[in-house]
């Protein structure tokens, strides 16, 4: 990317955690601000630089008719569009609504629902526009964010592996909590990137980075059942932060179907 | 001359967590309408918490807000423990408090330096401010990093920590993992004291507001994790009585609910309230820093909340240091919390004020109903009241300055809009995106 | 594995890339450039035809690229690179005077000795002509040692032909039969149209005394080998060059395995007989 | 004739190594398993602990005695200490005038002593020696660490349920490749250790430790203990004709069957003491003027591993599992003159779904 690329950071339905990760790069923040022009980042500045932008980081999922239009405008203004976080990559936890039927929703209607505009589904950015890269995680990893930024600056393809959490878990020298503790761990079907934080804290991965490439949820589910994990728990585990991600959704459906 | 009409519109409120807009209408020199509009899309957490297991609430509700996930985790854990009639032991409690203080350090530093100070110094944001005040910003980043690193050491990561569970923690960090923080917290404490001095030198509009402060209060400590709910007009209730005293209402222009006293008044939660109600339970160092900054034991100027935040920051570093020095890993790291039918309440002091959770559980531990009231919805009415006063007192300012002043008024609250919009349950449009 | 005729190993530490200064850039096609470079630190890279080097673009990465220059002139390091991704793209953007880094040469080479006294058939598809060019140059330089010689070259379109000027020069020679074909062409093209394998039955080599050298996409090699075998060329005298993912180039990273072989170390040039099995198994 | 040291002697041995500047890596209990980490006293050793292992299962158990080495193998081998999970292999820096200098990274850690290396793991180190050192280009990261490493082997006196080293001809007795080898003889009051010396360096170290010569009976007892371990071993892998079998079995239906169970999670390759595949990745800082190339463990179970322009060569889990197993047991022999499996059983125990390669081989044999 020649010159100082202009970066914009956008928000859709989300918790702000992924964009906060930018401000959490304490050691690198000033260097980032030197290497790129942070042209649009409302969470951090009153200056709203107009497009076009070289890089857009997009947080959050699409949940309103207005947002469904806004994302197209952002795509037009952006050379490279990067979806950041589980919300942007798969619809996030708010995609839990997708599974509720509308009647059920109507039954819990709030006082004056007519004031609120919302879509029936929470969907990933890639369901609406072309996405150039995707950073997974709820929230994204600081290291991966920096890896993408430095890669784009240097003109290389970011090294964001799509393999399982297990690789990172073992590279970190952790003891497998599933094998040594009988703890339900979704690491084998979850994409790496977090650094295997949960096993490091003696807990099973709960799949906040979404499905790994070539994962085999059906096989893992069989194993979890053998460990005595109730189907209802397995279902909920698959239907949390990446409920809308296809491999998880399919596996959950399969489990429910039997 | 006929009617003069002046409107202040801020379509995208900057340096707040989430998406909000501001609308003020002044007719004939008087403030006619003030709207803090929160258009952050609602995310329906209360709806989809129903049917989940009680053990899932800390992880799920954390996702309401990436700025204060620990607050959500703590309120959720305590609510579930209260439903089960379980209390955690002192070591778990101490580690929770340490984690919470780490979040305070991170969040307060973020707000003071990155979101709020630029208003006082006339910069659009922290990056621009770093150009003129590089050492200040570097210092802030160091301080913020201590909070973040401590959160990561205890919780696994800074945002949405993974180590918190109902009953305690999945794994207690070893002494050796936390010991290195002593030196860093000592430095952080110095930076915090320096921060109080620095922000005390800003210029503040002379505004005093007659708030009703509401905060947790605890006999032995600056209340964060637990306590009774106290108010500056005599409120003194247990957490479980919250809904008898407070209520929420919906406004047509906003995706966030407004909380009020049942009597209809607005009230204020957050640093000013905590400080004014609990001043004498700040550590001596923090009290001293406050006095030196010219603060009395009560502060009613919303713009001075930045000083109060810095005082709380000092307290947080100071107390975190004590906790790190006295740290003994809880063993086991969590107490057993059985599933039990009933209702649980939890309320803790998020950096922005009290965060209330209530859950109904069935005998299997399934959540039947959930209610979550974050600080920003509680302050929303007060923010609008503040705006009315501030605009009224600043009508001589030109539009651009007045706009900025209005924004600053909102930012006094460090409003977390992501929090404020988590819970509406609403009509659903049947259209589907392509 | 048949031992390569000539094994040239890197001088000095084989893992440290050395600087080369670009002295010429030729635009071959829309996305392909030929870089000519000379050593910038006094260590040129002599090589044998068929060998490759690991080219490093600062800040971007390192990839295997065949050496496509004249083995008789080791002072110039020549590569023909097709821009398909980040590193190849960065290499294709180099200008005269720029420096890139290279380590090598690595791998086996074309066993030209096997062809001595025999008919020689060189079959190239697309960018596959790059690793064969040094072979053709060596062949022409020692032309008297071989019997008849063919270069059969196929590309998708006329615009995607490499080394067009040189092809013309070679075509003009009486001692090398050059046949070029393209998959599709516009009206301007007067050559043949069709896949490269269609050229094989037409070339009048004597299968019993022929050595064949083949590089191209894996499907193209599959069909070419089939056509050559149909003509009766024995599998141990058909040689080809394999492509696999490579990160180290020296047999340590494990990525370039194809069944029993490390392509970087045992190849990239193999007699077909040695890799017949690899071609027979999908996803090996 | 070997020597005998007692527990105090063992502590002395550790002290001598530390005094000589070694970072001693040994077995210790952590997070529910016996893992290899830095140790500083024999108090760190897993006294009285053993484990239960089965395909996909591992649990620590109390032995009821005070044995220090009364377990078999845990999840970590010595691989991470010789072939680190990630290592910088190259630096490149661009100066203000645009010139770039490229340097190899050569930061060797302090010399390491491995305390408690089993025969299978010793064989695994021997295999990695062939991979990393025998070729035309020895790996500098491995070379430096390997040359400095001091090896204290521990002879197995019991076999674990997933062990099959006897089938692979790598154990249970370590005959060479160590500096010192211990056989723990547990009696009521504590253990004594029969020490074999395998190198001059070993002898030098042992000279600094209180010891006495073993009697013929004691030496015999130590040998018997190893023989017992061999006798106990229940898992087997028939290697006879295996290479040819696998070479002919690329299309065996069993690959589809195992692919239905395999998670492609790569745990087996991570815990395997011989697996050596890696990726090398470019990293730059925010100025773009400093680049580094980092090598990290990779796995044939990852899609990116076989990626070439246009897609992965081994796109299916079937192909990836097949690559792994045939590499271990057949093509490794073509490449390095030895099988790539030492029979430690880690891939069986640590597979989250308990896939057992000995079982897979049996199935392929049976069905062909």
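For the reader, a short list of remarks on this structure follows.
Chains: A, B, C and D, in written order; residue numbering restarts at 1 for each.
As a working rule, contacts are C-beta pairs under 8 Å (C-beta built on N, C-alpha and C of every residue); 3 or more make two chains touch, one makes a residue touch a chain.
From a predicted model like this one, the values you see are computed outputs, not experimental measurements.
Chain A has its Cα centroid nearest to the centroid of all protein Cα atoms in the structure.
Centroid to centroid, with C-alpha atoms defining each point, chain C and chain D lie 40 Å apart.
Centres computed as Cα averages put chain A at a distance of 25 Å from chain B. Distance from the chain B centre to the chain D centre is 50 Å, each centre being the mean of its Cα atoms.
Our note on geometry: chain A versus chain C, Cα centroid distance of 43 Å, whole angstroms. Of all residues in chain A, those that touch two or more other chains are 154, 156, 202. For chain D, the set of residues touching two or more other chains reads 281-282, 284, 288, 291, 298. An unclassified topology is adopted by the chain contact network, corresponding to no line, ring, star or complete arrangement. Here chain A touches chain C in the complex through residues 154-157, going by the rule given at the top. Chain A meets chain D in the complex at residues 28, 31-32, 34-35, 146-147, 149-151, 153-154, 156, 159, 161-164, 166-167, 170-182, 185, 187-189, 202, 212-216, 218-220, 222-223.
Residues 89-90, 92, 94, 99-100, 102-104, 131-132, 135-137, 139-140, 247, 250-251, 276-282, 284, 288, 291, 293, 295, 298, 300, 305-309, 313-316, 318-319, 323, 326-327, 330-331, 334-335 of chain D touch chain C in their complex. Listing the residues of chain A that touch chain B in their complex gives 11-21, 23-24, 26-27, 29-30, 33, 38, 41-48, 62-65, 67-68, 92-94, 96-97, 100, 102, 105-106, 108-121, 123, 127-128, 138-139, 142, 194, 197-198, 200-203, 206, 208, 233, 236, 240-241. Across the interface of their complex, chain A is touched by residues 59-61, 85-87, 89-90 of chain C.
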